[in-house]
Structures are given as C-alpha cells and as structure tokens.
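In the two complexes below, chain A is the common chain; its partner is chain B in one and chain C in the other.
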Partner chain A sequence: MSVVGERIKANSTALIWQWVFLGLIFLVSLIIPWIVSPLWVRIITEILMWAGLAQSWNIIGGYTGYLSFGHGAFFGMGAYVTGIAMMNLEWPFGVGLLLSGIMAALLAVVIGYPTLRLRGAYFAIATWAFGEMIRQIALILEITGGAFGMQLPAFLNLPFFYYVTLGITGLTYLTTYLLLERSRFGYKLLAIREHEEAAEMVGVDTVVIKMKAFALSAFFPGVFGGIYAYWVTYIHPDSVFGAIITDFMVVMAFLGGIGSLWGPFLGAVVVQLVNRILWLTWGEGTFYLVIIGAAICGVVLFIPNGIVGLLEARIFSPREALSQLRKMVKW
Partner chain B sequence: MLLQAHELTISFGGLTAVDRLSLTVEKGMILGIIGPNGSGKTTFFNLVTGMYAPDSGKVIFNGKNITGLRPHRIAQLGIGRTFQIPAPFSKMTVLQNVMVGTFIHASTMKAAKGKAWEILEMVRLDEKAEQQVVNVTLEDRKRLELARALATEPILLLLDEVMSGLTPAEAKAAIELIQTFRTQGLTMIIVEHVMDIILSLCDRVAVLNYGRKIAEDTPNQIVNNQEVIRAYLGERYSARN
Partner chain C sequence: MELFLQTVIDGLLIGGLIIVVGIGFSLCFGVMHIVDFAVGEWVMLGAYIGFLFVRYLGHDPMIYLPIIFLIFCACGWAIYPLIFRAVSGKRHNPVLMGLVFTFGLSILAKGGALSVWGYHIQSITTWLSGKSISLDVATIPALRFAGFLFGILITVLFMIFLYRTNLGITIRATAQDREMANLLGADVRKVGAFVYSLYAGVTGMSGVLIGALFSIHATMGAKYCTLAFFVVVLAGMGYVPGVIIAALILGLLQSFVGVYIGGRYNLVALFMVMYGVLLITPKGILRKGI
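Right after this comes the complex of A and B.
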C-alpha cells in the first residue's frame, strides 16, 4: 500500500512540474511577437501551424492506426471555404474559420464512410486518391477560381495570425489531451488500433468511433487551412491541396512519435526548423526535401517510436545511449 | 432457453465450414464443444458473436433474433467471447484492456476503473494491472482474455480454448476460475481439446465433425459414443477408459 501511495505522490509531483512548465511556455508564447524579429514570428507561427496539423493527423494516424494520406484535402477544403465565405459571401473571418472546420469534418465523413472499412496500405491509397480527386475538382470549379487561384483581402498583421494560430494549435492539443488521452473515446481508439475485431467483441462500435475520429482529425486542418488562406492571401489548388501538405503532417508525426501527445509537436519543431534554417542559409530551394527524405528513412529504420520513444527509452542519458548502441552495432 | 442456434450454415468458397448446425444452451449450464481441427468450432463462435453472418439459419439469444447484428451490438446484448489466440490490445496496460470492456456498462472513467480492478482481482491479475500487455506471459494473456470478456458483464460467455498452451498447474487454476464463474450463474460454451477439462466442467457436450453435429449428450455418454470415438477420440482413448 505504501509503495502505491508513494508512487501516486511521485506522480503528482511530476504532474505539478509539468503544469508549471506548460504555464511558463504559455506565458512565453504570449509575448513572443514582442521579443523576436518579424521573420522569427513568421517561422514560429509556421511551426505552430504544423504542430497543430501533425497532431490532427495523429488522431487518425497515430491513435486510431489508420494512415491517412489524404489529409491535405481537409487543409485545402478549409482554405477555400474561408476564401469563399470572405470573398463571395462577405462573411467575417471567424465565421469562415468555423465553417472551414465543419466542412472539412463533413468531407471526412463522406470520404471515411467508404474508406474506413479498408485497413493499412489500402486505406492509405484510397485516402490519397480521394485527396487527389478533391484537388482536381478545385482546379476546374468556377467558385474556387480554378487554375487561377483565389485572392483574399490582404490583412498584413503578423501578430494577429500568430495569436490565432497559437489559439487553434492550443485547442488541438487540449482536445487531444482531454478526448484522447483520458477518456473512453481515446481508449476505444487505441483498442481499435491494437485489435479491431477484439474491440468489436467487447462492444466498441468501431464504425461510428472511427468516423468520429476521422472527422475530428479533419476539423482542425480545415481551420488551419482557413487561417493559412487569410494569412498568405493567395491560394491555389497546387499550394493548399499539394501532396507536400499531407507528407509534412505524416513525416512530422512519425519523426516525433505517433500515438503520443507531444510527439507531433516535437516533430513539427524539428522538421520546420531544419526546413527554415536551410532556407535561410541557401535560399529558396528543394534541398531540404533531400534531408527530410533521409530523415524519414532514418526514423523508420532506427527509431520507429520517434523522438518521444527515444526520450522514454532515456536514450539521452549517456550510459543508456552507449548500451543501446552496443546492442545495435556489433563490434 | 438462453441461446438457440437453428440450422446455421456458412461456407467459404466451396467449403461448408458449418453445416445446418443446431445447438441450444439453457441458462446456467455449461456446454462443451469438441471436434477435430477444422470441424467448425471457432466458426460457430464467430457466427454467434456476429463476426460472420450465416448463409442461412438463425441465432436466437434471450428471446431476441440476433442473426446478422453487428458484433458490438451482440456484445452489448450480453454475449462475451475469448479468442483462441489471445488478442489483447498490446500497447495498452492490462488494466486499460479490461477497462475497454467495462465501457458497455460503466459511464464514467472512474466507474470503469473500479469495475476493471474488481475483475482483475477475481482473475488474479491485479498485480500486473499497470504492466504493458507485451510484457506479460501467455498464461496472463489467457487470463486477460477472460478478464476482458467478463468486463462486458456477459450473460453468456464463449470460451475458445482458454487452456491450450497452459501447463497442467496453470490449467488447473483456470478450471477453478471457471468453476467460480459457474457458481455465480454464468452460462458458458467451452471449446476445448483436453477431454479431462470437458469432462470435469460441462453439463452437456456437442461433437462436431466437418461442420456437422454428430452427437450431443452428457459427458459420460459422449466418451462411449462409437461415432465420436471414430471421428475424434480415437480407439486408444476408449480403451483407456
């Protein structure tokens, strides 16, 4: 009993420190636009957006175990919905964002209904095909501006976009924490990922639960798409529906560690920082794709549980690192 | 009559895995199902739990026709099952595995946790509760299968070879456990190869061969049934007795 008591006590102390740490990060994040240069505000905003996107993908890809390769469609859908709401309907930005999220979630239900009964590579291929289909539709529709793209009203206020992104990303992580890490819904998702038939046998309505997870994981990318559209003021099917959007979400989540709360965040920080530092050093180019490609190979081969997995294995303590290395490399 | 399977038939390609199979289970009894490998025992479980829909025939449970219902609905109505090869949620703890089962009746996480602890104590897995499933032994995984099925608070429990792969001592502990379930009034269908277990636990035994029921009787009558001996038990077994 006393051992259990002490363990609970130790846990709660660690928990308090976690909250203090989070509170500090939150305070720092509030003053960032006033202490760093506009360039870095922009880079940090991008990192935050990717952190939110990677986490959204993680809901279906990491927690539920369904690797979606069509998530760019939800981002693009959100970008266009906000664009159309602001330009054609002259609705305010906030309403556009909400509508973007809802429309993306609805699109997820439509795509998910036929595809969520597939597993593994088949689900990945089907979602990829759907994503590509949506991009083609955006290219020929009149309301999207087709291949000419769409111009939104210019609103050049970097701190505004920083705070909106911070808020939505915060909301994404809060939702993941409350709904997935510590609720019946989250446990059911994990059960589906680990053994779908067994989950059904203990009463989990897998069809409905998977659909909800897919819709939730599409809602936030929809909102981010809306923010992105207003931020960069010009959207085109190739930019907001591009395969690169999906690829980045997947890569960041995998690098950080799928199925964990902080993995996608760490992955987004690393990938986007590397991306931007290379860009600052060598200018516009595609060289960063080579590095990211190599990083994916490295992650898949050596650290399947991502950065979070490494942290949990205490690989960063020198002794543990050495013993792990001895296991991997025979000499 | 708690469960009534009527003329169940299902075929895969050209193979009729279960052929016009009728079985009934009364409340409180333990029915044993034996038969050679591939005789349709597990397929019968899959038909009852809704994993497969039968080509023809129907399943009546508790007065309700459950043929063609989805598995989670059937689980909610009160049929629990264990898998022959343990199918745990590997990257979750033992406790979390059982909690998923309790969600049918427990509406809060706290209630689910309480119920799950209760069940883990009953199957004596409480000391392993916080361990990841990947780190527990086969015996404990078998116990976990039981615990997770019990967590759904079933009226009828289908046990698919829960004792295969266990040492005699472990099997004995498992038999005692199943006997405590019986005293609590749980109705069970047991698929098992070890005849001693069938003889010591079951009220009635059905014998399947090529998807058909070739005999159904009390355990003592079954072991002397000539057709059963020919198809499954073998001459040596009958000589031994």
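Right after this comes the complex of A and C.
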C-alpha cells in the first residue's frame, strides 16, 4: 500500500488538474444530448460504446498480455442474453444487462480454464476459434431465432441509450483505474505481463489472476452487447458475432496504446470518427477492412506504444518530434 | 455399411488435403513461434490466383501449381522482413506483436479480396471435376483423390526435405533451440524467411486444389484458418509429423459429423474436440508439442 501512496503523493498536483479536467468532461458529457444534433448523439454514443469495448479488451490484451481474438463473442453473447431475457422471459432491461455481463464472464472462465494455463499462442487460437464457433451456434439454435435474427421491443429514446452507455463506459474506466492502475491485483497482472515465470516464483497465483482478469474483461462487452441489442432492436448472428467487432476492439486498443488507461479511449475516438466520416461520405463498403488491417500492421511496425506512447514521448512538441521520430521510425 | 465406408473414404481424402494447410503452418510456428492468422487468407488468395489463371489463360489449373508455388514463395519472402521487424526490437512482448501483425495482415487480405472481387462465389473446373472411380463398396471422386495424392506427395517431399537435407536439419535445429542454432552458425533470420516463404508457397498451392474442390469466395479464409488451428492443436503445436495424423482425424471427424449429424454442426464438433484436447493433453494427442 505504501508504494501506491507514494506514487499518488508524487503526482498530486498533476492529479488534481487531471481530476478537474475529468470533472469538466463529465459535466459536458451530461448535457451532450441536448446541445448536438441526433446524428451526432448517435455517433458519440457509438464512440463511447467502442471506447468501453476497447478498454475491456485492453484489460486482458494490454494489462495481462494475453491477446483475445474472440472478444466479439462476449459482445454477441450479451446481446442475445439480453434479447432472450427481455423477449422470452419478459424480464426488465436492467436485469437482462446484469445477466448478460455475468453470462459473458462465466463463458470467459470456461474458455480461459484450459487455455490460460498454456502459452499465449494457445489462448489466441482458442479465443479466435471460440468466436467463430459461437456464431455458428447462434445460427443453429432455435431460441436465438437462427438465421432470422431476433427482434426486440422498440424503444426509441436516444438520450436514454446515451446515458446508459455513458454510465457503463464510465464504470469500465473507473474499474480499470481502481482495479488495474491502483491495486495489488493490477500489479500482479503487470508482473504476469512482464515476466510470467518470475511472477509465479514470487508467489503470484498466475492462472487464477489471469482468469479473473479475463472474466472481468468479458463482463463489460456482455453488458455493452445488451445495450446494443436494445438500442438497434434487431440482432443477427452476423451483426453481433461478426469478426469485425473483435477487429475494431484490437485496432482501437492498439492504435491508442495497449496497457494504458486512456489509450483505448483515444483509439476509439480516432477509429470510430474516421469510420463514420468514411461511411457518411462513401456509404457502405468493404474498403474499411483494408484500412483497419493496414492500421493494425502499421501500428505494430512503427508505433508499438500507440498514440499514448507518442504523447508520452512528447512527440507533439516540435523540437522533440524530430529526434524522437528519427529514433522510432528507423527501419 | 456402404455409407459408413463412403464416409471414411471421404474423410481420409479431405484429411489428405488438410495436411498441406497444416504442415507449413506448424513448421512456421515451430521455427518462428508465431501463429500466422493469415493462413486462411493464403488459401483464399491461392484459390483466387488459380481461378484468375484459368479464366485468363485457360488450360487446367493443375499445370499452374508450380507457378503459383513460386508466386506465393515470393510473397512470403517479401512479407517476412515485416514480420521479423514486428517480433524484434525493443517491444514489451514480441510474440504477441507478431500475432497482432499477422492478424492485421489477415484483415488486410480479406478486405482487399472483398473490395476487388466482391461477395461473388466462384469455382474452378478441372478435367477431373465430376469424374469418379467406382469401387464395389464406394465411389471415390477423382478430384478429391487427386487432392489427397497431392497432399501425400507434398508431405513426403516436405519430410524428405526436413529430415534428409542440410537446410532441413538447420530448420529443425532452429525450431528446437533458436539461440543455440544461432550460436552454431545458423542464420536464424534467413531460416525464418525461408520457412515463411516455403509455407506461403505450399499453402497458396493447396488453395488452388481447395478452390477446385469447394467454392471460392473472399471470406473462405476463416474456415481454413480454423482447420489449421485445430490441426496444430491436435498435433501438438510445432510438432510437424503429428500434423499428418491430426489432419486425417479431423478429416474423418468432419466427414462423420457432416453425414450423421449435419454439416452445420461441424465447427461446434471441431471446437469441442479442440477444447477437450486442450483440457486433457495440451501438448497434442501425441504429447510432443512445445
């Protein structure tokens, strides 16, 4: 605890300004639905949702160092659990959301149990295959409506979904901040990411910690899936289980900077804005896949620490920029 | 009984072709410790290139196999420096960076194929299409048989190369202990480049046959990616000889599930098997993985 205390003391003035800044952003975010046009409320809600999704991917991918390439499965799972809870069981929306999160977390434990004991490559393969399989299951099962999809009761209230998304995204970031940046649990995860054998040697129960982290990182996509299902009112295996959802989470977290608190948020803002602007100008297309793929490759090759890494290196002050750029973008 | 025999034969024939996809992939993992998420996209691109050759130059796709092999070898050789860059240097976790890089590559290839060729489903016809060899108890489709023979041929050549030539021994040494091989004079980077281009060539070539057997579309990669993953997990990651038996088992499994339960349960059954293998014997059914 003393280490944590000292860290906070050392940065206290900077921290106060950060909190003031955050408070301002929070106040502005509260009045957004009343000052911008519905289109932009929609886009901002989407950005918030993606920011939350990217952060939850970041919990397992960035903080723990185990890449999950099937994270979209938890999102789709949440969408269908909320849909079934509301349509077949006629439970209220809130209960459906909670149930979605819990189901997604349980599923994560089931997938994580055999694979998190092994090397990261097994985990990546298993999660990817899991993501492919669960779409197939959603297409087969009767309760999900199969290939016909599922229709939820229409509730056309944009500000409602804005505030719900804002709340859950806020919760995601708060949880990440408290549990991963400021607690023993977070330090254990960091130890696992930096050197797993060493962490094991000093007494960290790595498998349990990794499973907890994976369950936590699956909980939030489940909840977001539920919100998304109620928001768009029609869900289909190809839309909520599509590979593109995982792709987006990965590219956002990586572009912003994995393993950092604000990286996924910045990544989500940039990627989703670009995506929407492309969509508004050119309409539907498949070319955005090329851009996403190229972005992932480019970030891995040239800016492995993402936008946050660039900011920390003070790349945006002109003097530093040149020397840093020479160092980073050296072939 | 006839149905049963037919199912067994079909499964083995498909398994023979899956070997080709799995064997390069497994070697690639053994040497570079990278899971190449783009494996299905190599298959898809191979099928499309074969299709384009047939459409614009005519003749049978089989005669283009060597050319396609060379084209894909060149592609692999060109891409390898990027992968090498992704996994080296001052990074937190080089292996994960490699994973993400190939993941990006696969999205890029899939998006490119979708943008260029759209969602249309294509097919390749060869002189073997529609012909079959009739036995008393079952019929053997000629094209599948050719695919199986191709798989066996490639596997035998691969094994001779790996176990009987100097370069093959260097590759196996690198797979066993990278740093030791480097100390003893193996140029690890060159070995990696060679393995990656060999893998790309073999996988692209198998794509032509897969395209001739099944349909060709831009999103077909995911299926073969999954198959390759299942094969290496079953075989034990990085253990090349295990791929042969694992691919045959998967072929049989696929064919039995398809006939007796229904084709749409294929992926579910495969996943259950993989989950069971990971749970019980994570080093593969022969317990020789790394």
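In this section, the second predicted complex is superposed on the first by the 314 of 331 C-alpha atoms of A that agree within 3 Å, B and C clash if a C-alpha of one lies under 4 Å from a C-alpha of the other, contacts with A are read in each partner's own complex, and residues count from 1 in each chain.
Definition applied: contacts are C-beta pairs under 8 Å (C-beta built on N, C-alpha and C of every residue); 3 or more make two chains touch, one makes a residue touch a chain.
It should be emphasised that the depicted structure is a prediction, and the values quoted were computed from it without experimental measurement.
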{"item": "Superposed partners chain B and chain C on chain A - clash or fit", "value": "fit"}
{"item": "Of chain B and chain C, the chain that contacts the larger number of chain A residues", "value": "C"}
{"item": "First, second, both or neither for A:205, with chain B first and chain C second", "value": "first"}
{"item": "Touching partner for A:89 - first (chain B), second (chain C), both, neither", "value": "neither"}
{"item": "First, second, both or neither for A:187, with chain B first and chain C second", "value": "first"}
{"item": "First, second, both or neither for A:195, with chain B first and chain C second", "value": "first"}
{"item": "Touched partner set for A:36, first chain B, second chain C, both or neither", "value": "neither"}
{"item": "Smallest distance from any CA atom of chain C to any CA atom of chain B, in Å, after fitting", "value": "7"}
{"item": "Common ground on chain A, meaning residues reached by chain C in one complex and by chain B in the other", "value": "193-194, 259"}
{"item": "Chain A residues within the chain C interface of the complex", "value": "65, 67, 69, 113-115, 117-118, 120-122, 124-126, 128-130, 132-133, 136-137, 139-140, 193-194, 243, 247, 250-251, 254, 259, 285-297, 300-301, 304, 331"}
{"item": "In the complex, chain C residues that touch chain A", "value": "29, 33-35, 37, 82, 85-86, 91-93, 95-97, 99-101, 103-112, 114-115, 222, 225-226, 229-230, 232-233, 237, 264-265, 267-268, 270-271, 274-275, 278-279, 282"}
{"item": "Of all residues in chain B, those that touch chain A in their complex", "value": "49, 51, 70-72, 75-76, 80-81, 83, 87-92, 96, 99-101, 103-104, 109, 112, 148-149, 151-152"}
{"item": "Chain B contact footprint on chain A (complex, rising order)", "value": "182-184, 187-188, 190-191, 193-195, 197-207, 259"}
